[in-house]
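Read from first to last, the chains carry the letters A, B, C and D; within each, the first residue is number 1.
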Amino acid sequence: MIEPVMKRGFASDNNSGVHPAVMNEILRVNSGHVVGYGDDPFTEMAKAMIREELGSQAEIYFVFTGTAANVLGLAGITKSWNSVITAFTAHIEGDECGAPEKFTGCKVLTVDTPDGKLRPELLKRHMHGIDFEHHSQPAVISVSQASEMGTIYTVEEIRVLSDYAHANNMLLHMDGARLANAAVALGLPFRAFTTDAGVDLLSFGGTKNSMMYGEAVCFLRPGLTQGFKFLRKQGMQLASKMRFISAQYIAYLTDGLWRECAMHSNKMARELEKRLSGIKGVTITQKVQSNGVFLIMPHDVAERLRKEYFFYPWNEQLSEYRLMTSWDTTSDDVEQFAERLNIMLSEK
Amino acid sequence: MIEPVMKRGFASDNNSGVHPAVMNEILRVNSGHVVGYGDDPFTEMAKAMIREELGSQAEIYFVFTGTAANVLGLAGITKSWNSVITAFTAHIEGDECGAPEKFTGCKVLTVDTPDGKLRPELLKRHMHGIDFEHHSQPAVISVSQASEMGTIYTVEEIRVLSDYAHANNMLLHMDGARLANAAVALGLPFRAFTTDAGVDLLSFGGTKNSMMYGEAVCFLRPGLTQGFKFLRKQGMQLASKMRFISAQYIAYLTDGLWRECAMHSNKMARELEKRLSGIKGVTITQKVQSNGVFLIMPHDVAERLRKEYFFYPWNEQLSEYRLMTSWDTTSDDVEQFAERLNIMLSEK
Amino acid sequence: MIEPVMKRGFASDNNSGVHPAVMNEILRVNSGHVVGYGDDPFTEMAKAMIREELGSQAEIYFVFTGTAANVLGLAGITKSWNSVITAFTAHIEGDECGAPEKFTGCKVLTVDTPDGKLRPELLKRHMHGIDFEHHSQPAVISVSQASEMGTIYTVEEIRVLSDYAHANNMLLHMDGARLANAAVALGLPFRAFTTDAGVDLLSFGGTKNSMMYGEAVCFLRPGLTQGFKFLRKQGMQLASKMRFISAQYIAYLTDGLWRECAMHSNKMARELEKRLSGIKGVTITQKVQSNGVFLIMPHDVAERLRKEYFFYPWNEQLSEYRLMTSWDTTSDDVEQFAERLNIMLSEK
Amino acid sequence: MIEPVMKRGFASDNNSGVHPAVMNEILRVNSGHVVGYGDDPFTEMAKAMIREELGSQAEIYFVFTGTAANVLGLAGITKSWNSVITAFTAHIEGDECGAPEKFTGCKVLTVDTPDGKLRPELLKRHMHGIDFEHHSQPAVISVSQASEMGTIYTVEEIRVLSDYAHANNMLLHMDGARLANAAVALGLPFRAFTTDAGVDLLSFGGTKNSMMYGEAVCFLRPGLTQGFKFLRKQGMQLASKMRFISAQYIAYLTDGLWRECAMHSNKMARELEKRLSGIKGVTITQKVQSNGVFLIMPHDVAERLRKEYFFYPWNEQLSEYRLMTSWDTTSDDVEQFAERLNIMLSEK
């Protein structure tokens, strides 16, 4: 019998398992027959609970992965001759193996950012050739909240981008794979920095924050979902036993589970930052605003450490690495990791 | 609090829940951190167990849905200018909302069949224009085992098709969403009617037979998987917490769970057939070889019955309906359904 | 120096060359600079001349090939989760190497027909699963006029199909690669059996009837062209020196050139039919209504004849062959071909 | 009757017409029947003449447009999960409305360049995540020769890129829409800076340099063309009357027509540069190495001038404009344009 590996690394917030409360709800709904493909009472309930968070106008569609939520959502609001503008560090650019291009036919245009966050000035290089048929037509601005660098957009920063998008006949998409971490960081309800800040389309994830699988494509502006149910099926993302995704969202949105988990992982990231920033030879490279810590350390030390802990290089040329904390990271995990790094650096 | 609906209908074998043994294994693997995206020991173990069934040469990739297993598998063995030949009743033709065409670019060509099963003679209408650039080039024959009509291919029938495929430089794909029902019906191990019968690519499903989600794309012939891991990711089917799919396959393949569940649902189908065939006004239209029963009954009665039980029309012009039994269908379910139908027909 | 082959076969109406009047107009517009990509006065004029034929509401876009006209036009009026229903013999099904599926993502669904012509009763097998997300949604009925079998729809037959389409929230597409041959056969202006008969989208070809290259995608119903200019460019069909396509349409629509050419090729087909039907061992299999003659003859004779004349088998199992006449076919060509066939048959 | 506009602007090298020698060859091949779709003696001859230039191993496929040549060629050497790296100014990035993404499914990744030319150092930002399934796999480096900025790669610069590509299991594509202008600028035969410099795939254009339509996809390395004929058909780029494209290439490659035309347009660009650089208020921004002149001038003046002459802004933020000369540009055209600009600037 294989036993689970017990060591908690910092590779990704999805190396962790599933929160007991989520698991319990999965068990609870596993009784008897319900209609498949989402026409069941649990799915109705889960969608209602999400609308409670995002506004009653929101239209919710569950899919399996964060990549799917981004790609299908974008497909729903674009034509193949459109472009989507995002940060070079965005998940849709660097971590989805071309899924957006393949499924939507659109171009993904990028801008370099110091911190993973877009600003209107940065977008301007792509805002030309409007109505010129030789050129893909910009249709969507896509932000990640929290960003892939662990940074957080303020409400005002999002509002500036949504205003810019709407003034240019574009829509604003938010990749919310770590939406809970952002909400905790901002100390705000989801709605305040999504619907109320002018976001049109939201990928609302939970897998990185204690769920098992499943993400929600949330259309926050009315009138965008025509035919989307067909697109989801054609995109191979219609779950037959959908109640088990819905159950997870029910648990996630009950008694603030999402907040508790995100608050913890954000706290662990700050502890990690604090502990590492005191180590000579380590440079923290980004503000730690959510559950990611970016640092530069000597390449050889990092590679030695990666034999004991699983984590990813971020920028190999800079010898920059990414550490992600999770809902189940412990202070001991932080302490032991920092201690090992400290020892390795001192041995150098 | 919503309570699960307790009434078991015959709409689909995926209206049922998850077997306790599957659930237990999901719970068991939910401990500590493991590497995401499939590089974990549970996934290794699950793949080894599947290879145990299909042969050591088999290459296994987990995805989320049966549609995805079919579409990505086919994408892996075709070019966009190929065609896939299948029965008009096949899932890839009628129940995937064009996902094969959208993702692969291929044509899906169909033939009419009396029983959902292909035969070489039926394929010939599409076997022309070879090497002629105006015409999509036939590359795959796709069968469903069990078929969508509940019928079963014998080993010999599959062998004839795989020989025909290979003689024409094509490959044979098997949609095995109900593979366990077929194995039970044939009284054979999986391998006997897949690998050993010349099948090249298999979609090996379990969701319809007691699992929660997840399917396995199984390349049974060496040399077909080049780049498939990228295709899976680009196809939005790479699970981050893959251990929870793997756990289900581990349970499914332990102590013959798949057999127990399929044997039961097949048995319930035979009971249903026996009970219904005795009712005046009902005509059974297909051999009941697995867990589906197809019948013609008066349209008005069927529609009345559908208000109480959820099930689908199969051919509206013929007033033909489909009833699917599940691993948790009971003899009481069968009896009560038959009784209600009997009463409705007699009231007519 | 290579000299052109002088022998005129019956392989295809595009084995012929270009009519001198078309060539003259090409020469005439070849003077000085004009704006590229269609913003030139010749293109304006050509589009106006086509609107003269089809109605002032028509929106015209030139592309390079008939396949492109069909595919891009269909892409303009569908979503990827739609289906297009057509005859099994249709060009979009059998002669475009999957271009419709690849570019639109749609399914192409077919029905068997005795004569290449659709009728509402034939379509019904595909008219189900409406609004059911598992199933591609029928959006277009596509007819070929003249059909690939050389047969012609009457105005009334087209009207019945357009009414059926519109009653089912679908649109009617006409592949008019041989539209002129149909007009001549019907003795009607183009408009009578397109716009006025309820056709929504027309591929208006000329290459098979004396032009060099270039086809026109004609949207006959207002409101269908949103974004189409981008789709044409993305579909690689925007001609830089578009004036040379436009010139051809100007010539084609001046002084009834299209009619003269089509009348001639239709007449040659009738001559061919008359001459061949008198030969023992030959069976004409389709009504000769335009410029195609379909016949069954002994396989060995046909293959011998194909060494001298280039023409295509149509249905190899039936030993059925297709002969196409062209604007430049002569009575001598017909006579010599028939004579050779006669001799070969008598030698048998 | 519409008369052609006689004024020659500097908008694009494809606003010009067709060279008489090209037109004569088109006329010459327009006699009698030949087999369609490329199986004709003219196409054989044209391909042989191109192989004469590029090497006997070259495989040639004609298509209609430069966009199609780029897109189909790239599709032939990539999988959908690959990426193509190019300059931000490249035609495939900015001027093809997303056709590469839509047809290939690949990502197009860009780097900023001062002069439109790639160098290995610039590519490194995209050369990571190799074999990592979350990331599109770099497969092609794409250069434009001449570049879209009118600059020219030396043989050595191309060799460095092809070596880099091959060392990284990638291929080198060259967009040769203005290949003749580059050859003239370098004073070298085509082969010296394509096949012999390690280029694997070439889009060999002529439309911008005196032809009417048609481009050649040239695979310069053996083993890359498997299935390409199907891809061309499915890409809607198979010409039925292909002899008319072939005729143009025959003329183009006879008696150095390509050289004569390109030499002239390059010369006119140098004259334009010389004349404009003497005008106060004008700054030439790129080396004039082929037939493009890039300049900064006051926005209001440029807009006034654009009312008389058709030409495009290149970078609106910099008030930078692009002037292209053509095979039929005259010294008078240059003089008059410069004079008008001079007057407008002095009136300012």
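Just so we're on the same page, a residue touches a chain if its C-beta (ideal position, glycine included) is under 8 Å from a C-beta of that chain, and two chains touch if they have at least 3 such contacts.
Owing to the predicted nature of the structure, the values given are computational and were not obtained by experimental measurement.
Q: Could you tell me which chains make contact with chain C and chain D both?
A: Of all the chains present, those in contact with both chain C and chain D are A, B.
Q: Going only through chains that touch each other, how many steps at minimum separate chain B from chain C?
A: Step count on the best path from chain B to chain C: 1.
Q: Could you tell me which pair, A-C or A-B, is linked by more C-beta pairs in contact?
A: Of A-B and A-C, it is A-B that has more C-beta pairs in contact.
Q: Cα centroid separation between chain A and chain D, in whole Å?
A: Once rounded, the distance between the two centres reads 41 Å.
Q: What's the distance between the Cα centroids of chain A and chain C, rounded to whole Å?
A: Taking the average C-alpha coordinate of chain A and of chain C, the gap between them is 50 Å.
Q: Per the centroid of Cα atoms for each chain, what is the distance between chain A and chain B, given in Å?
A: Roughly 33 Å, centre to centre.
Q: Of all the residues in chain A, which ones touch at least 2 other chains?
A: Answer for chain A, listing residues that touch two or more other chains: 80-81, 96-98, 102, 105, 133-134, 136, 230, 233-234, 238.
Q: Show which residues of chain D lie in contact with chain B when the two form their complex.
A: 37, 79-81, 105, 133-134, 136-137, 227, 229-234, 238
Q: Give every residue of chain B touching chain A within the complex, in rising order.
A: Counting only chain B, the residues touching chain A are 2, 4-9, 11-12, 14-18, 23, 26-27, 29-36, 40-42, 45, 63-68, 71-72, 96-99, 102-103, 207-208, 212-213, 230, 233-241, 244, 310, 326, 328.
Q: Report the residues of chain C in contact with chain B in the complex, numbered from low to high.
A: Answer in residue numbers: 80-83, 94-98, 101-102, 105-108, 124, 128-129, 133-136, 316-317.
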